[in-house]
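Letters A, B, C and D name the chains as they come in the text, with residue numbers starting at 1 for each one.
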C-alpha cells in the first residue's frame, strides 16, 4: 500500500490489507509475514548498497543468493530429473512387469498385458526398465568426473548429450528459423486493407504508404542479408547493399536498445513497489493503527524499508570512514 | 563542463532512484493504445471454443517476474473466465511456485476444480529437450503432478490429451529468455503444428516480430504489452481492476524514467562534443 | 500480369505434389520435407565448398572492419606501455561462441607476444580457465616467444555473473589496459563492461553473435563485430578449409533465401491484385493458384 | 578408441533424433487403426536420457561449488566468512528441500523436525495436522496424531487444506527478493551508461541512439502524448517494417551458423567438444 505516498501527502490512503500479517507464517497463501518482511527489506537494500560501493552487506547478500539459488536449482533438478524419470518410472514399469508375469503364469496366452507408454508408443515393461538402466549407467559415468578430472568415462554421456541436443536444435530451428521464415515473408507489397490516400484516417492506412513501407521492408531484408555475405567479392552493388544493410541493422539494434531500457526500468519499478508494500503500517514496529486512526509518519519511519535503510546507511558511513583510514588514497573505485 | 563529464556516476544512480520512488508514490495512471499484436493475442484466446485445453508454460524466474507476472496473471484470468481448461508446465526451475500461487488465488474465483479444470505439472529439466519431450508426449514426460505429487492417471483432464500434442488447442508461453518462446516455436510449433501465443520480456520482444503472423498468432511485448492486454481483459474482469490500475500507474513512472534516460544520452553527448571541440581549440 | 497461360501446368504440378505427398506419408511427415531439403542442400554445398577449399582453390573472405583494428589496438597499448585486456565472454565452454573465442584469443596472444605487451584474461569458469591458459600459451609459442607467457595474467574471478563483472571493472580501473577486447557470449553485463571501459579511455573492440547485447557494444565501443561476422572471424584468421567452406555454404543459402523472399512477395502481390480484380468482376487468372502452390512448397 | 566410441555415440544419437523428427507421427483416428511408429518411442527415450543427464550434470556443478568454496575457506581466502555463509545457506536449504521432497520416506522424528505439517480443516469444524502420504479419488491418507500413524480420511470430510511450506518460505523471502533486486541494478547501470558511454560518434551509433529514443518515447503514455501520437506511429513503423527486416536477417544468419555446426556434430566431423 502506498505508505511512501503518505510521507509525501499525496494520493488517498488505500484500504487496509484483507488479513493482518502474522509474525511468522509458513502458509504461502497467507498475507506475507512480518519476520519475512524484515528479511526481504534487508536483503533488497543490501543488494542496492552495491550502488554506493562494494561492501560487506552486499557481499553477504550476494553469497546468500548464490547459496540459495544453487540449492533451489539442485532440488528442482533432482526431483524432476532424477527421482521422476528414474525412481518413479522404473517403479511404475516394475509394477506392470510383475502384474504381467502373474497374468502369464495364470494363462500363457493372456492378451491383456500392460505396457509402458513411451512417447505414445506401447513398450513392454522389461524393455522400458532395461532402456532406462542405460541412462543410469551413463549418469554414473558422468559422475566419475567428481573423482577423476581426466577420466575417459564422462566423455560417453557427454557425447550422447551433444548428439541429442545438436540434432534436436538443428532440425527444429532449420524449420522455424529458415524454412518457415520464407513463408512469414510472403506478404503483398500493398496491404489488402489499405485505402486510397484521401480516404485514409492516417497516412499509414493509405495505399501509397503501404507500398513504401513494404518496399522498405523487402529492401532492408535483402540488404542486411547481403551485409552478412562474406565470400563473394564486394563490387559496387554488393557494397552499396551492404551499406544500406548496416543502416537497417543499426535501426534494429536501436529498437532492441529501447526495449532493453524499457525492461530494466520495469524491474526497478517493481522492486520499489515491493518495498512500498512493506512500508505499510501493518509491518511497522509502531504496530498497526487503531480503528479509525490515520497512520502517521512515525509508523512509516519505523517500517522495515525505512528503518533497515536508515540503519544500513549509518553502518555504511561508519564502515567507509574506517576503510578510508586503511586504504591508500586513489584506490580504484569500481 | 569538464566537471560534468567526470561526474561520479553515483549521482546518476541517485537521480534514477529518486525519480522512480517519488513518481511511484504519486500513482497517476497512464493509458496506452492497444497494438495489433496484443489485440491478436486477445482475439485468439477469445476465439477458442469453451472447454478447449490450453497449455500454459511458465518460463521465467524472479529476475524477470516484474515484467512477466502481470501478463501471466491476466492470461490465467482470461483463460479461466472463458472456461478454458489449463495444463501448466515450466521449463524454468524457479517458476512453479508462481503458478501454484496464482492458481490458488484465481481458480476459486471462477469455481474451478483442480485436476478437472486445471493441472500443474511443474518443472521439467533439459531446456530444448524438455520441450521436445512435452511435445512428443506429456504423459511420459511427467511421472506425477507438481501440486499433490499424485500419479497422472488420477487427473481426469489429462485423459483427453495424447502424444504429439493431440488434444491441446493452444500453447501460451510466458517467456523470459532461453529456454523460452523461440525454443517452443522450434520444437513444438512447427513440428506438431499447434498455434502459439506468447508474452515476453522487453529484451526478447524485437525478435518476435519475425515470427508473426504464421508461427506466432499474437504476442504481448514487455510491460507495455501487458498493460495493453490488461486494458482489454480488465474490461470484463473486475478482479483485474486493481492490477490494471497498478500497471497504468507504473506506466507514468516508466514514461519519466525514459525521458530521464533520453535526457542523459543527449546531455552526455553535448558534454562530449563540447569537450572535444574545446580540446581541439 | 497474365499468368493464365501457366494455369494448366500449375494444376498438373499441384496434382503431382498431392500424389507424391500421399505416397510418401507412411514414411515421412510430409510437412517437414522442405526442412529436409534445406538441411540436405546446405550439407551438400558445405561439403562441396570444403573440398574445393582443401584442393587449394582460394575462397576469399571480405574484410571485417573490427578485426583489422586488432593490430592497431595492440600496437597502441604497446606504445603506451599498458596491458591489453581480453574478456572471453560469460558462458561456459559448451557454448560454441566460447570455443571460437579461444581461437581468437590464441591469435590475440600471438600478436601481443610479438609486440611484447602483457595480456590479461579474466575468466568466469574453471573449465574456461584451463582452455584460456592453453590458448595464451600456444599463442606465445606461435610468436616464437614462449617466455612472454605469464600464468598469473589468466585469472579466474568468480562464477557469479555480477561478481565477475565487478572484478573486470576493477581490473579496468586499476591496471588501466589501453585496449579492451571482448569476444564471446555476453549477457546483461555487456552494458557495464562497455561503460567502464569507455570511462577509462581504452580502445574497445567487441564481438558477439548474441544480438540482444550488441546495441550496448555498438554504442560504447570503437569497433564491433556483429552477429554472423563473429562466426566468420575464426575462418578469417585461420583460413581452415572446413570453416571457410561452411561460410561459403551459408552465403549460397543466403542468396537463395533472398531470391525466395523476393519471389514470395511478388507472388503474394500478384495474388492480392488478382483477388481484387476478381472482386471487381474481371476473370480470375492463375496467380492465386500459383501463390498457393508456392506456399505449399514450404510446408 | 578413447575418441572413436564417443564420436560414434554422438553420431548414432544425433541421427536417431534427426530421423524421428522427420518420421510421421501416430494417427489415432485412422481407419483401419495404424500402430504408432516406433520412432516416437526412440525420440522419447533418447530425450529422457538427455533430460536425466542434464539434471545429473547440474548436480555435478553443485558438488564443484562445494569443493571450490571449501578449498578457498581452507586456503584462508579474504572472503572466507562469506564463502562460509554461502555453504551454510546452501546446505541448510538443501536439507529443508530434500526433507520436503522425501517426506513420505522420512523417519518420524526427522519428519516432525524438518517438514511443517499440513492442516486439514474438517467439515465438522475441527482441524487435523499431519503429513499426506497418498491421495486417491475418494480419500486422503494422512500421517497424524502423536504417533504419526497413517489414517485414511474420506474427501467429503475435508472442508479445506492449508499447506505450510518452509521450502517455499525460503524461496519467497530469500530467493525472490535477491534475484529480482540483483537484476534491477541494471536500471541504474543503463542510466549511468546513457550519460557516460553512449556516444553518437559515427553515423551508425547516431542511428542506433535515435531509434532507441523513438522506441523509448513511443512505448509510454507521456512520450506518446507529448509528440501528438507521432512517437507511437513512428515506433509502429520502425518495428513492423525496419526492425523486422533486420531481425529476420539476423535470425537466418544465426540459424545457418547453427545448422553448419549441428551438421558437423551429427556427422561426426566437429570434435572440439571432446577435447574437454
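In this section, a contact is a pair of C-beta atoms (placed from the backbone, for glycine too) under 8 Å apart; a residue touches a chain by one contact, two chains touch by 3 or more.
Since the model is a prediction, treat every value here as computed from it, not as a measurement.
*Asks:* If you average the CA coordinates per chain, which chain's centre is most distant from that of subunit B?
*Replies:* Between subunit B and the rest, the longest centre separation is with C.
*Asks:* Which of the two pairs, C-D or B-D, is linked by more C-beta contacts?
*Replies:* Here the pair linked by more C-beta pairs in contact is B-D.
*Asks:* Quick check: how many Å separate the C-alpha centres of subunit B and subunit C?
*Replies:* Here subunit B and subunit C have centroids separated by 29 Å.
*Asks:* Could you tell me the distance, in whole angstrom, between the mean C-alpha positions of subunit B and subunit D?
*Replies:* Distance between chain centres: 15 Å.
*Asks:* Subunit A to subunit D: how many Å between their CA centres?
*Replies:* 7
*Asks:* Spell out, as numbers or ranges, the residues of subunit D touching 2 or more other chains.
*Replies:* 21-22, 25-26, 36, 40, 43-44, 47-48, 50-51, 54-55, 58, 65, 168, 171-172, 175-177, 179-180, 182-188, 190, 192, 196-199, 204-205, 208-209, 212-213, 216, 219-220, 236, 239-240, 243-244, 247-248, 250-254, 256, 259, 261, 263, 273, 276
*Asks:* Of all residues in subunit C, which are in touch with two or more distinct other chains?
*Replies:* Residues 32, 35, 39, 159, 162, 211-212, 215-216, 218-219, 227-228, 253-254, 257, 299.
*Asks:* Listing for subunit A: what residues touch at least two other chains?
*Replies:* Within subunit A, the residues that touch at least two other chains are 28-29, 51, 62, 65-66, 72-73, 77, 80-81, 85, 118-121, 164-165, 168-175, 177-178, 180-181, 183-185, 214, 218, 221, 225, 228, 249-250, 252-257, 259-262, 264-265, 267-268, 270-271.
*Asks:* What residues of subunit D sit close enough to touch subunit B in their complex?
*Replies:* 21, 25-26, 28, 36, 40, 43-44, 47-48, 50-51, 54-55, 58, 132, 135-137, 168, 171-172, 175-177, 179-180, 182-184, 187-188, 190-192, 194-200, 209, 212-213, 216-217, 219-224, 232, 236, 239-240, 243-244, 247-248, 251
*Asks:* For the complex, give me every residue of subunit B touching subunit A.
*Replies:* The touching residues are 10, 13, 16-17, 20-22, 24-27, 63-67, 93-94, 96-97, 100-101, 104-105, 122-126, 128-129, 132, 136-137, 139-140, 142-144, 151, 162-164, 182-183, 185-187, 189-191, 201-203, 205-206, 210-215, 221-224, 246, 250, 253-254, 257-258, 261.
*Asks:* Considering only the defined contacts, which subunit A positions touch subunit D in the complex?
*Replies:* It comes out as residues 25-29, 32, 36, 39-40, 43-44, 47-48, 50-51, 59-75, 77-83, 85-86, 118-121, 123, 131-132, 134-136, 138-139, 142-143, 145-146, 152, 155-174, 177-178, 181, 184-185, 202, 204, 213-214, 216-218, 220-221, 224-225, 227-228, 245-262, 264-265, 267-268, 270-271, 274.
*Asks:* For the complex, which residues does subunit C have touching subunit A?
*Replies:* Counting only subunit C, the residues touching subunit A are 32, 34-35, 38-39, 59-62, 159-160, 162-163, 166, 169-170, 172-174, 196, 211-212, 214-216, 218-219, 226-229, 232, 235, 244, 247-248, 251, 253-255, 257-258, 260-262, 264-265, 267-269, 271-273, 275-276, 291, 294-295, 298-299.
*Asks:* Of all residues in subunit A, which touch subunit B in the complex?
*Replies:* Listed in rising order, the residues of subunit A that touch subunit B are 2, 4-5, 7-8, 10-11, 28-29, 51-52, 72-73, 76-77, 80-81, 84-85, 88-89, 92, 117-121, 164-165, 168-169, 172-173, 175-177, 180-181, 183-184, 252, 255-256, 259-273, 276.
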